[in-house]
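Okay, got some structures for you below.
Heads up, the next two complexes both have chain A, just with different partners, chain B and then chain C.
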Partner chain A sequence: MRYVMRENDDPARRYATHVRGSRSGQQLVWESSPGQDVLVVQTPYERDAVDDIQEIVAGMEGMALPVDCYVEVPVKPGTWVRYVPSTSYARNDGCPLRTKACTYTVFCCQVEGDTCVVYSQQMTNTGNLPYRRIRLEVDVQVRKLTRTVGPFWNRREEDTGYYQITLPKDRMNDVCDGDVYYTVAGAKDIEIPLTRAMFKQGYVYVQTFDMPVVATRNDGLQINQ
Partner chain B sequence: MKRPMDDFLCPYCFGHINHELVHFRSAKVETDPTGILPDEYDPYDEGDVRRFISRYEGPDKEKRVQRLFEWQRFAPKEDPVYQKFWREHGGETTEVDSLLKYSDVRSYNRPIIDPSSLQDRSYLKDQDGGGDVFVRDADGMVVRVELADGKRCTSRVCPHCHNPLPSGYGKHPIKFVSVIGITGSGKTVFLSQLLKDMQDYAAKVGLAADVRSAASRRFYEQDNVIAVDVPLPDPTPRDSFQQPLFYDLTRLINGRQRTDTFVLYDVAGEVFEDYQLIQEYAPFIEHSDGLIMLVDPEELRQAGEIVAGQQSMTRPAEVLNQVHTIVFHGKSDEKCKIPFAICITKTDTTLVQKMLSRELQDCLLDDVHEIVDELGYEKTVFNAREYAPIAEQLNEFIRRTERAFSLNLRTNYTTYAFFGFTALGCEVDDGVPVGPILPKRIEEPLLWLFYQLGFIGREGKYPLPNPDPIKCPNPACGSIDTVELTGDDRYYTTGWGIFKKKYEVNRLCRACGHRWMHYESQ
Partner chain C sequence: MDNELSFQSLIDYFERRTAHVERVASNYRHGDAPQYPPFFVFLGADAMRGFEGIARNVLDLWPQYADSFRFVGADCEGDGLRYWSLGMDDAGASRAEVITERELANEFASLFARDDVFEKMTLAHLYFVLDTSSIKAEAIDEFDALVAAIPHLMDVLQLDESMARCSLTVLLNSDFARRVVAKQLRSRIADMSEHMRDWKCNSIFLLSNHRNDGVMLPSWDECYRIASLYIALSDCSDNTIVNQLFDDRVLTASYAIVRKPTRAIGQISLDLLLLGLNDYSGSANADLLQVADIEHRLGVTGEGTLSVIDDDAGQLIRMIVPSAAQLRYFPQREFFDYSDLSRYTYDSFDEACMGALSAYLEQKQRYQLMVDGTQQSAWARSYGALLRKNFSIDELIYLGDHLERVREVLEDSRRREIIPSVIEGASSKLRMALSQNPQVIDLFVRQVNAEAQRARGFRKIWHDLLDSLRSVRKVREEDSLIEYYSQRARTFLRAEGRRLGSEFATQATVEELRAFLNHVIDALIDSDSVFAAPFEAELMMRLNAVNDGADTFGWIYSNLTGNNLRTYLQVYFALDDPISKGVFIEDGTELGRRLRQTLPGGTYFYNTGNNRWAEAINLYAIDAGNINQ
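Presenting the complex of A and B:
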């Protein structure tokens, strides 16, 4: 499939805008002209695709049309695209989110033979934007591990020297390696990553006498510790 | 349940009408008097007519006189009653003449038939042989009269002002709603967008909306078209009374149909700047069962702090004062109970984005969602749950930034709520929408009024802008120093042993210690 970008010469009648999350929080919805197919572009949280679309379209050259599925653009890691026909949008009441803590941008597009034409977006001064940053809240628990020592008349809790960090397993697909890390006092410039594999496991044990602090580099992630 | 035999109000002059006392515009119009009188007599000349009657001795005199009187009765002419009403309301009628394409005679120049007049009854067909000239519908409501020659007169008019009544008007309970606001606040654009999709908006709350007048359809199809690259409508002429807009709203209650008639008035903004005009249009405000007030965000005080040189206006507060004065004829010691929807318009503009929080902007740019039942049908309820965060934030915003306006409302009105919408959802370049046109939450104030007027119920709660302080119900106390109880404090027990009883409460009076369960009335 060939991909070309064109200026949108009729934004009043060919449009896709006002992107937002659905009430359920699991779908992406937008306003578009009747029967309009759309290309959804997912990018890292801090950046939308409006200004980069030409580069993205160039990077898609030769790819099969990603109909109803997200495909990563080879030359732009972290950028995923999905072609959403108007019929799919109507049938599914929107388009499923791939992950959160990122930005989704929509573009009008149409298939002409073996060419997919993607139309550029025009920004307006209204509140209707062609992109939406989807935030994600992640609840993390950090617990000091102790053990009970001493005779039965004088039991006391003693530090084991370990902390347990509990990570939500259901957020595994929403985070990327490198997004989340922790630090400990005394070595705050050392950021130890919490990877997707750790999220899948659910627990991480850290040997330290200072409480680890979990943080993120992704502005779209909010860590609730 | 309203029966057709009850009196109803004229939507123009608000005179009381009984359905058997309506007048009709004649379906028969005699325009050509040729052949009625001999050639030497001019039927238009009164002198000639008198001479004919006194001197003509031909054998066909009686027949000619009868035809002459009939021609005079059914000739088109200006209606002095109708013209008097319109002279007092702008000078020229704004009636939509849907029959003009079929006839050269203007509808309002057609002769008026009064079935209660003996003379006019002589021209009408007796329907049942017992003297009843009316044709009624299945519910007994008068719908038409028929002339002796079979022509059907179906255009009912008010007997007081001779303005036309839509078909079926008066059969169902009627509610009047006025849309007010200063010039440029967006009333006409709002109404045009609202009426264009009224059926869809009403369907969201399980109501079937039916357009009942040509003027309603023409309002958005012809006179006030909102479209890309089409200039926005001009401001409503200040000295011209716009035709009321009629809708019938039908819902099912326990499997039975219940219909209400809804009448909307578009009141020109300049009305509130001119004392004389206020007096002319006062009856429309006075008889309103609900009010929608549009506030242009540029009128807000905070706008003056954002846009350099912008003058903050006090006119919305002045409009409130005038409405209150009209409703209570100058008495200042009563609160107005008419439900009042105050709407900030143009919520998609940069100015509003700077004034409101991101969270509120997102809410205001989202659609109004219906609530469906287990079968998937729209419930006949106002979605207060979805409206609640908007109400909470707008209440706080108005309270914080528009103190005088907020105080005016609290002092003079009992039932009001704040809304925000955009009727266009796109930029406007030199008075022309650039597009795409995406109105948002435009129907919410109307749906709230439907709830206030009893057409629909409510699901969920929303914070009131003017909650009354909760008083201690202890007769010996009555203090307003009460607090809400939460958590374990909500429970207390009395007695002991097998006589122990547990109570749940949610309110504590700090003055006397009384605890009780408070139920919010909303």
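Presenting the complex of A and C:
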């Protein structure tokens, strides 16, 4: 498939804007002209795709049309695209989010033969934005694991050499592998990612006598410890 | 530099290089020097065009005088004369610029500016050269006008007989189409010879391109050489000879040279070398992409990664992959113990840590192993070098015609098993991720295509070069030459062929191929001392190799004497005995010593300081009757 950029020369009839999260918080919704297909672009939280769309479209060259699925743009790690036909949008009452703690931008587009034409966004002063930043809060607990040793008259707590990190299971689908990571004193130069599988399980163990520090590099993600 | 690459140009290079190596080996020895300051004047446009030929030969005999000699030209302009300063720039190209009469006088005076350059400063030798090639029958007076420049110049320089000797060398063009005008000119020269003093001339040296054996010379090159030897003899330390050569006579010469047949040697050797190298241009197997080692040759490792990337990114990958100590801090599904990693494979460890390792590597791959433009260019260059090393020209063209199958081979590496140990597995996973990158596969396929294009261009250049082999006449030398140098070239090919063959396939442009072939020629010359040996030693080695006990001296002697000396003028009555005989050879050689013993007395041995060849010249006086035929 070829991808080309065009100026939107008829914004009154061809538009997609006012992007927001759905009431359930799991869908992305927007306002668009009737029958308008849309290209959804997911980017890191701090950056929308309005200014970068030309580069993103160029990077999509040769990709199959990502109809109703998110595909990462090969030359732009962390940038995902999804082609949403107007019929899919209507059927699903929106477009599923891939993850949270990121920014979604929409662009009008249409397929002409083997070419997908993507139209540039023109920012208006109506207050309706073609992108939406979606924040995420994650509650994390880090607990030293101890065991009780000694006779009943002299019971005492002893380190097991393990810490347990507890993660919210309901955030499994909202995070990307690596959005949240931890470091330990013994290996400070390595950031060990927390994965969706760990969120699904709800906890992991880390073998260390020093407390792991959970952190993120994603500005859209807030960790509550 | 000439852009054309031909067999002929390679032989030229071979000849230049052997001459250079021989000069270095001879330690740049000097021979005899001119006694009196010579001043060279070229009369007419044709003679001036040939200035370089005379100048090179004169400076070949007297290289130490390159800065001292003065070359000027004179041609007719209206009723007067126009003067030129002639010279060669640093690159060896000739140059000419108009000068005034005064400047011409200054050029002449500069010969006498230092007292340590010439042995004797009491007389000047003025050598005039006149080429008759453009003089037409209906404008025969042009000859007289040019000759009249001699007394005029003597007046300009304010010279009389007591201060200068003059010699006029006439290059008589006797082409078949110019027989009438040549006859007229001979008649003029015959007339002149009877009133030579009127022309303020002490001798006329007459050379024709129509030799007495009937050969019509295609150029003046040999005559320039003979004229230079005549100049050397007429300015030698033997006053008897000098006086004989400025004795109001018309002279001509017979000449012979014995030298190493460098061009023929070059031709025989290079012919074999080019055909030998041609084997390395290879023919592509019709099933090239099915052969067992095709993956290896295309740079796919046994592990399925691309070797170029492994080599380049290996160090970075080693820094990225967590160490065993770091892996101990990875999360655990249950209470495991990571202290003994040997209990885990890559997959089982990744499963135990719930994908933390693969997620970690993926993050690193995304943000630290990104393929940027600079890296792409470097990989493309390295991959191009690998392809040129592993495939012949024809094979590269074949690959270019089957790019989709090449892509399949490169992509097929994706299906390999990853090495199971944790750290090796992690390293392998990163390497595989890079090698699997569609951008990288595209890059490499494009590079295969680029190399195929280059190979197509190269094949054309190469075939043109091989075609030019046919345009060169076969060597007609005796069998010993062909047999001896074919053997040398084969020996060289056996020793160096494989190495040169692999280098050969990496050439892309005419310039690269020329540089490579020049390098091959240098290596060939260095491979056997015979290539740079003095002509006498070379001849001895060669003749002895093919005919034990061959008489080298006898061969040289016979070629420098008797009928082997060709006279450079058609005469109708037999010439008298030569008035002077000269042998030009390096002093102190065995050949020189034996020639001195054998040749009759009266032969002047001129020390040339070089042992690259030996020449013999006999100078004859011709009477007016024999000129005017």
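By definition in this document, the second predicted complex is superposed on the first by the 176 of 225 C-alpha atoms of A that agree within 3 Å, B and C clash if a C-alpha of one lies under 4 Å from a C-alpha of the other, contacts with A are read in each partner's own complex, and residues count from 1 in each chain.
Just so we're on the same page, a residue touches a chain if its C-beta (ideal position, glycine included) is under 8 Å from a C-beta of that chain, and two chains touch if they have at least 3 such contacts.
The model shown is predicted, which means the values in this text are computed figures rather than measured ones.
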First, second, both or neither for A:E31, with chain B first and chain C second: first
Touching partner for A:T17 - first (chain B), second (chain C), both, neither: first
Touching partner for A:M198 - first (chain B), second (chain C), both, neither: second
Partner chain in contact with A:N128 - chain B first, chain C second, else both or neither: first
First (chain B), second (chain C), both or neither touched by A:K144: neither
Contacts of A:G178 with chain B and chain C, given as first, second, both or neither: second
Most chain A residues touched (candidates chain B, chain C): C
Touching both chain C and chain B, counted on chain A across the two superposed complexes: none
Partner chain A, residues of chain B touching it in the complex: 228-229, 347-350, 352-353, 361-362, 364-366, 369, 422, 425-427, 434-436, 438
Contacting residues of chain A [partner chain B, same complex]: 11-13, 15, 17-18, 20, 23, 31, 33, 124-128
Sites on chain C touched by chain A in the complex: 322, 325-326, 328-338, 354-356, 359-360, 362-363, 366-367, 370, 437-439
Footprint of chain C on chain A - complex, ascending: 62, 74-75, 77-78, 162, 165, 177-178, 184, 186-187, 190-198, 201, 204-208, 212
